[in-house]
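As written, the chain order gives the labels A, B and C, with residue 1 at the start of each chain.
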Amino acid sequence: MSLWEYANPVRFLGLSERVMPWLWAGAALCLVVGLVWGFFFTPDDFRQGSTVKIIYLHVPSALMAINAWFMMLVASLIWIVRRHHVSALAARAAAPVGIVMTLIALVTGAIWGQPMWGTWWAWDPRLTSFLILFLFYLGYVALWEAVEDPDTAADLTSILCLVGTVFAVLSRYAVNFWNQGLHQGASLSLDTEENVADVFYVPLLVCIAGFVLLFLALVLYRTGTEIRVRRTRALIAREARGGQAERA
Amino acid sequence: MRALFFRDLALALRAGGGFGLGLAFFLIVVVLVPFSVGADVTLLARIAPGVLWLGALLACLLSLDRLLAVDWEDGALDLLATSPLPLEGVVAVKAAAHWVTTGLPLVVAAPLFGVLLNLAPAGYGTLVLSLCLGTPALSMIGAFGAALTVGIKRGGLLLSLLVLPLYVPTLIFGAEAARRAAEGLDATTPLMLLAGVSGAVLALMPFAAGAVLRVNLR
Amino acid sequence: MDVTVTDLAVGRGGVPLLAGVSFVLSPGRALVLRGPNGSGKTTLLRTVAGLQPALAGTVSGAEERIAYAAHADGLKAALTVSENLTFWAAVFGQSQITPALAAFDLEGLATRRAGALSAGQKRRLGLARLMVTGRAVWVLDEPTVSLDAASVTRFADAVRAHLAAGGMALIATHIDLGIEADVLDVTGFQTQAAALGHADEAFL
């Protein structure tokens, strides 16, 4: 029994169908608890007032925007090395979710930035990096859509994902070099000096857990859809071949 | 390899549009900038390095969609794939020819266009140097994009969408070097970083482009 | 050295077209592939030439020995006939182009731009390219398209000369070239391919 058995589409569907209800439920629970707790039962920040509460959407979505790309990178590598279709389809399924997460992070960032920095948008390194990440996501999805043959598309997008990752990291440092920013330091880091206070911290963790579960559920759901599309294609192909054989 | 390089040069020269078009496009961009931001000489001088870099980048992008598509359509790419040349080498050589026909004229013409935009005298040397270092990377990254989209009909727009985000580090370091020099600051650090990015791109990108091309050919 | 194809299965876009294809091509021999349009001849030739991966089976003895010619000739309209040939000769590490020009009656056209040639003349130039590669195994996909009767004879002569010099040829064609060659009808391999199933079969 190895993990790779779930690379078989049928087994994967079976497993994901069993797991998904729990993921949806867990995501809903964590998000409701985390957001209600965060929005209504935490004190206002002494400097930022109640605007600080947007952190409960902003930080988890930003985190997931990066992690979604990371997941796509891992899935692409698995496709390149082991050529499991499910892996390529999971990467494809994760991209639009990643786009939405990036958008949420950008929009909530802008809403937060307005009262704090007095502007909706600043060319701050972090914001700019997210905008660049957003462009990478767009290119990745567009390439998937443009290539007809699914295996060719999987190969091309995998290599794009690899190259894109290198350039995204490079851009991150280039942007840092280019403009020192307004953005506060990391909200969560191992360095406790920088960290947000505990009252904000716990509900934030719950929200992050909620976003992770939501992401997993969405990706599994979308991968399932992709698998069913391919399955339909295979059935149609088999049907067509059966027809040919009968005529012959 | 050498034969392929000179063939691409000859084709660019004879088919027209090789040396000329990119340069003309660059000129038009530079001419349009004062129309859009106003003729204020100090403002133009301030944005000149950035405008010149952006113009060079766009001019470079302009001819990319034909870089491999022509050879794809007339079957030459199939024949090259069965030849003794490795596909990685084919892409690298075609990128080099692309640089000589578009990047190099841009580098040479940039100081002239700098005059149009009232670039500070201190900035010329570094501008040319940064373009010299950066444009080969633009051609090579572009060749990767061209290899990705070679099988796609009307892939030109998609090519731009894929390639432009990849241009970000090169543009940042290149324009930053030119800007710093024009303002009389030390431009060594961005120049070094630019050279590093270019070197890495030239060393590694042919392999990614070759792999992509092989996928597209089958 | 022989080119040996063993139990080869080929397909396009995930659909297997031919399976169980086996043959041996020895020096001095030609093999003609026959079969209706869309039966998979082109795919088989591309697989043998190494342009696309086989679904199953092996091709041995073909690496770095193949000169491939398909429907598109890879000619550059802006270059002259001799420049086109010289380029391909250089790519394959050769230098002689005169025998190729002579064999396909292109001497008079040597300085003309390829873009100004007629379809038949272009085709002749495309075939002359085979001779400047110095490769032993010619893999030809419908080589006689748009050639007139005299040119077909010239082409057949060139193939015969190539075979006599120890070369090999694998040709997909509908017309009889008048070359002594083995014939392989690919239709027989289609039924075997149907049993292989679509590449998406894993999803069922």
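The criterion applied here is as follows: contacts are C-beta pairs under 8 Å (C-beta built on N, C-alpha and C of every residue); 3 or more make two chains touch, one makes a residue touch a chain.
As the structure is a prediction and not an experimental result, all values here were calculated from the model.
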Fill in: Per Cα centroids, the chain farthest from subunit C
A
Worksheet item: Counting C-beta pairs in contact, which comes out ahead: A-B or A-C?
Response: A-B
Worksheet item: Central chain, going by Cα centroids?
Response: B
Fill in: Cα-centroid distance, subunit B relative to subunit C, in whole angstrom
37
Worksheet entry | subunit A and subunit C, separation of their C-alpha mean positions in angstrom | 48
Discussion item. Rounded to a whole Å, what is the gap between the Cα centroids of subunit A and subunit B?
Written reply: 32
Item to complete: Specify, in ascending order, the residues of subunit B that touch 2 or more different other chains.
Response: 218
Worksheet item: For subunit B, which residues count as touching subunit A in their complex?
Response: 144, 148-149, 151-152, 155, 158, 161-162, 164-166, 168-169, 172-173, 176, 190, 193, 197, 205, 208, 211-212, 215-216, 218
Worksheet item: Where on subunit B is subunit C touching in the complex?
Response: 2-4, 7, 10-11, 14-15, 71, 73-85, 217-218
Item to complete: Using the touch rule from the top, collect the residues of subunit A that touch subunit B in their complex.
Response: 132, 135-136, 138-139, 142-143, 146-147, 152, 155-156, 159-160, 162-164, 167, 170-171, 173-175, 177-178
Worksheet item: Mind pulling up the subunit C residues that touch subunit A in the complex?
Response: 13-15, 191, 194, 197-204
Response to the item:
Within their complex, subunit C touches subunit B through residues 49-53, 64, 66-76, 78-79, 83, 86-88, 90-93, 129, 133
